[in-house]
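First subunit A sits with subunit B, and in the next complex the same chain sits with subunit C.
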Partner chain A sequence: MNLERIPNEEKLSLCRKYYLGGFAFLPFLWLVNVVWFFKEAFVKPAYTEQPQIKTYVKRSALGLLLWVAVLTTWISIFQHFRAQWGEVADYISFTIPLGTP
Partner chain B sequence: MNTSDSEEDACNERTALVQSESPSLPSYTRQNDPQHSTTEPKRRRHANSDSEAGCVTHGGVGTATEREPGHGPDGEDEELTLKYGAKHVIMLFVPVTLCMVVVVATIKSVSFYTEKNGQQLIYTPFTEDTNSVGQRLLNSVLNTIIMISVIVVMTIFLVLLYKYRCYKFIHGWLILSSLMLLFWFSYMYLGEVFKTYNVAMDYPTVAMIIWNFGAVGMICIHWKGPLQLQQAYLIVISALMALVFIKYLPEWSAWVILGAISVYDLIAVLCPKGPLRMLVETAQERNEPIFPALIYSSAMVWMVGMANPSQASDTADRSAGRYWHRYCLRISPLIRRRVKLGLGDFIFYSVLVGKAAATGEDWNTTLACFVAILIGLCLTLLLLAIFKKALPALPISITFGLVFYFSTDNLVRPFMDNLAAHQYYI
Partner chain C sequence: MPRKTAFMSQWNQVTTVHASVLLSGCMNSVEQKIYVELNSTVPCVRLLNATHQIGCQSSISGDTGVLHVLETEADLDWILSTGPHPPYMVVMEAAFFTRSTMVKMKNSSRVAGVAVIKSNTGPTEGFSPHTSCPNQNTGVYTEHYGPELANCNNTVWNPLGNGLSYEDFAFPIFSLKDDNQTQVIRKCYEDHNMRMNGSAPQYPLCAMQLFSHMHAVTDTVTCMRRTDLQNSFSINPEKLCDPLSDFNVWTSIRPLNNSIKGHKENESVVIAAARLDGRSFFWDIAPSAEGTVSSIVTLLAAAQALYPVALEAPPQRNIFFTFFQGVSRGVKMHLKMPVQLIWSNYISFGMLKTIIIISSLWMHSDPVSRKNTTVNKQVANLVANIKSVASSLNLSLNEPSATQALPPSSFQRFLRVRPVPGLVLADHQASFTNRYYESLYDTATYLNVTYPSDLSPEQQLEYETEAAKSLTQVATLVARSIYKQAGGEDRFLNNITADTKTVAKLLYGFLIMSNNSWFSSLLPPEALGRGSILGLVITHIINTLTSVTRFVQFILANMTGTVTKLNQSQCQNPKDVPGESKDLYSYSWVSGPVSVNGTTDPYCVRSSVHLSKALSPAFELTDYGSREYSTWTESRWKTIRARIFLVASPQLEMMTLGVGVAVLLVSLVVTYFISSKAELLFSATREPPNTTY
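Entry: the complex of A and B
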């Protein structure tokens, strides 16, 4: 889909839907939203719907950063303490590496 | 496959196509969200009655040139067509190459996809673990016959569904197939990659990854999303499908099936009678655009002010776990130019190259097959530009690929090995 060729209201609606969709544990959707609408929100000359698109993009970026922080923290904790947690860690492990404790 | 009955009239293709005009374009606009369909042959692409060749089923390649009336002299049209056609050929090389690269990289690094643990698909019930060569050959031929009949049956089923307007069923089927592909197969793939690289991973993180990957994939493919992301997802799912085929099809059966699919493609697209034709004609009668279930589109076309096209679906049939392709290649000159290639073609090209990588001894074979497929694709597009009707694209590439594979494996490789052993460089 080419953003160039759809009217502004539809762009706004699309941006909003992507923003709302991201609340369903979908930071990737927020990432797509930010990347896709970045030009529309910040680079293009102003048009009526642009401020709203801007807010959605900003909020999506915020949400994305939050999720990235959470996931990074969790992954670091897991990788570091996996061996020490013993049974619990094994229970939540998807793959367990061979050779290392 | 002919575009329409008008071609059988006295007018030549050019005049028959002249009347094509924008109404055919709605089919382009839907390209934004090609329905996901894998399996079973039948991807139909059908433009409105006045133009384009529908290409469908099993890699039919259709080319249609749309011209606006009153355009320049024919020579100019010809040149434009070829020029834009050439550009789009290049644009198709990239995704096909990417898909093959992903498949070959996975095959070479993750051993899961080359391990044969005796599991086979129900579509290929005959085992190849037999003692004699003759028995093995017989089994592979029988497997192929079963597989091809499954495809034909699914094709006819799909045509009937379309004919009796069971669009909801088709849509549901499509969505189910893409769900399975995006979630289940990628979960398996991720698991195998982690095991190969000996990385610890926990369920919550994996759940997040797969959920995000799958959900965004469904949104991009079935609804609206950025073009590049959509293309990337289509490439990824083709690669996943090809990997599943490579794993679960027995050795000889895979090669025979590749050959048989090409032949079937040839027959299905060029013969006047067939479910494919019926499908196209039905769509023509109803004046509906049919969307290819899975189509990779190199560019997007939008018609301003176009309302959302009807639910006349893309029909894609899917049978649980089986993906087949239909592809349609179109070269449309002038205002809207875009080339589309069905995902089934991606899948089968990748299966061929992947199998060459899995079973060939070294990289020569793999590279030879890769080059063969690209040459085949070029030739097919050339023929398309010349004949301007639907042509099956699969046969040429697959034939070249098979020829190159067997000759490289059996002739070139021993030759190169001998040369290297004797330190004789040419």
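Entry: the complex of A and C
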């Protein structure tokens, strides 16, 4: 969808939908929000809806960072310790690699 | 210019079509120009038990290494420390396949894999990859039963054993035959990898890649847990390992009713047993000539000799002929045989083990159970019976010293349950005389089963070798002793004689070629032309029609059964036929002699030969970490293959990659500039194309 062609109110409502949707454990919606609306929020000349779009984009970025930190930590721990955890790790794994402990 | 454009476009189309045809045609031959696939390779696979894994593993996309042929000690240093192109793929002759070399390679990170070139005869000093104390933790001698005999304190049974089969290697080990393919490998090595005047060889070098990725890891508990999880939760369930199981074969003189459960009091039986399995370091190749085949052949010949007389003049006690699987794995078979058998008050057990030469035969017994006077008396009685039969046959038979332990055998498993009088008949007094116990080299040649070269296969089948003659005498001894022990009368003993021709044919079939006319006539029609058995290894999943278990089953059925006039459908389901009983007998439809033009004349054989599943109780009780029962499993895998090719130096590879990336970046930049200046460059004579979305 090309943001140039839609009116500002629709842009705002779209940004809000993505922002709210991200709370349903969907950090990629926040990522899309940040990337898509970055130009609208910070680069374009000011218009009425822009401050609100700006807050939504900033909060989405914050949430995204938080998710990235949590996931990175958990993934690092799991990948490092999975072999040592033995039985517990097998029970929480979805796919267990073949031929390695 | 319109005309020129049209012509140009047509020419472009023709060129494009040509290029694609050439490309697809060349694809296969490009791969063939690079890689030489090696056929007929034998890998070493991974096995797991309750606590350990043994065997070999490669990475999932194969292990590649620069080839190096190991011929001297200097080569070993080159591979392990001084060579400049690690990791190396070691190709070695069988003489170097020793424990010290392999342990050094195991601890080194510069070895990517090993390929052993198998020679026809083993090293003269002997080679046995099994441990020096077979069945150490699974036998009868523990700290509670005969502690002075446990862990081979008393006698080391397999002194040549180096335990290689029970090591865990992190690289693949393959076995190659010494044939044209190996010559290709050597030539590649000589052309590219040889050192000139002490300096290192230059790239490109010859390399080999081995694929033998095993799915199971750590131990049986882990593997079975992961298999269960996969089956319950995954979208793509995969079994990671298979428990080792096969079937035991047994038969009895008086048929047992399979549908009756429970046991009779005071019933006594005589069991004559032999082992049915063998293994070696590599997968699915276990000729086990002296280790197993000799005892199978002897027991089969004894059964054939005994049956007619036992049917005519039945002895007091029932006689069982049994062939046990899983002896090399620590005797793990679960005897699903009729319960009367185990709980009889009186079992005499005669076990055949590695009979080869009869210049000296020894009768081994268990000194701990003989401390009980009743058992001692029964064993002494058994010994006396056998000795009296032996003297009439002019054979000499002795007992080893009274404090010597019982050799590893399935008789030990019986003793774990209760003290049973029995003997193990073997050709070794103390340690094994088999120099190639459970290795690749325990072949027909080692057993001296060789034929003059001018005989055709059919003539070889009938030819009586010296080994056949010796084994026939032992078979006669065994048959007469069992008959006497079972209470048969002495006047019938002389009628029991084993047939040398049968023994010769059995030896030929089990050791040289199982695809012969006699074996084929004893198997079902659908087994014809299926190929011959490679060795006596336990098959764990599929009970194929050409496995050793099946051969023994059908041969025993032929020797001890009767031909009936049932047709095929009646043979498969005889319950409606009067006089036939599926509970007492088993019926098999066999093909009969194959005539010249390939047609068969099948018939139905009724016998009391039965199979019982040899699966360890640990798997039925799902106690995968059991210490009481054996928990051996074999891993599964996807592909096993090997190939050789030339590799370039890593610097050249990096440079090629670098040049490619540079070309990519340059082309991106150039494209960007051209597209931004497109109006200037391409303006003059062309109309601008319509812009459409």
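Before moving on, here are some points about what is shown:
Please note the rule applied: the second predicted complex is superposed on the first by the 101 of 101 C-alpha atoms of A that agree within 3 Å, B and C clash if a C-alpha of one lies under 4 Å from a C-alpha of the other, contacts with A are read in each partner's own complex, and residues count from 1 in each chain.
As a convention for this text, a residue touches a chain if its C-beta (ideal position, glycine included) is under 8 Å from a C-beta of that chain, and two chains touch if they have at least 3 such contacts.
In this text, all values refer to a predicted model and were calculated from it rather than measured experimentally.
Once chain A of one complex is fitted onto chain A of the other, the partner contacts of A:75 are limited to subunit B, with no touch recorded for subunit C.
In the superposition on chain A, A:86 contacts subunit C only, with no contact to subunit B.
Legend: residue contacts after superposition of the two complexes on their common chain; A:99 is shown touching both subunit B and subunit C. Partner contacting the larger number of subunit A residues, of subunit B and subunit C: B.
Under the contact criterion defined above, the residues of subunit A that touch both subunit B in one complex and subunit C in the other are 94-96, 98-100. The part of subunit A that touches subunit C in the complex is made up of residues 86-87, 90-91, 94-96, 98-101. Chain contact summary for the complex, subunit C toward subunit A: residues 57, 60, 213-218, 222, 225-226, 229-230, 233-234, 238, 240. Subunit B makes touch with subunit A in their complex at residues 32-33, 191, 194-195, 198-206, 208, 211-213, 215-216, 219, 224-227, 229-230, 300, 302, 304.
Every residue of subunit A that touches subunit B in the complex is listed here, in rising order: 1-2, 5-6, 14, 21, 24-29, 32, 35-36, 71, 74-75, 78-79, 82, 89, 92-100.
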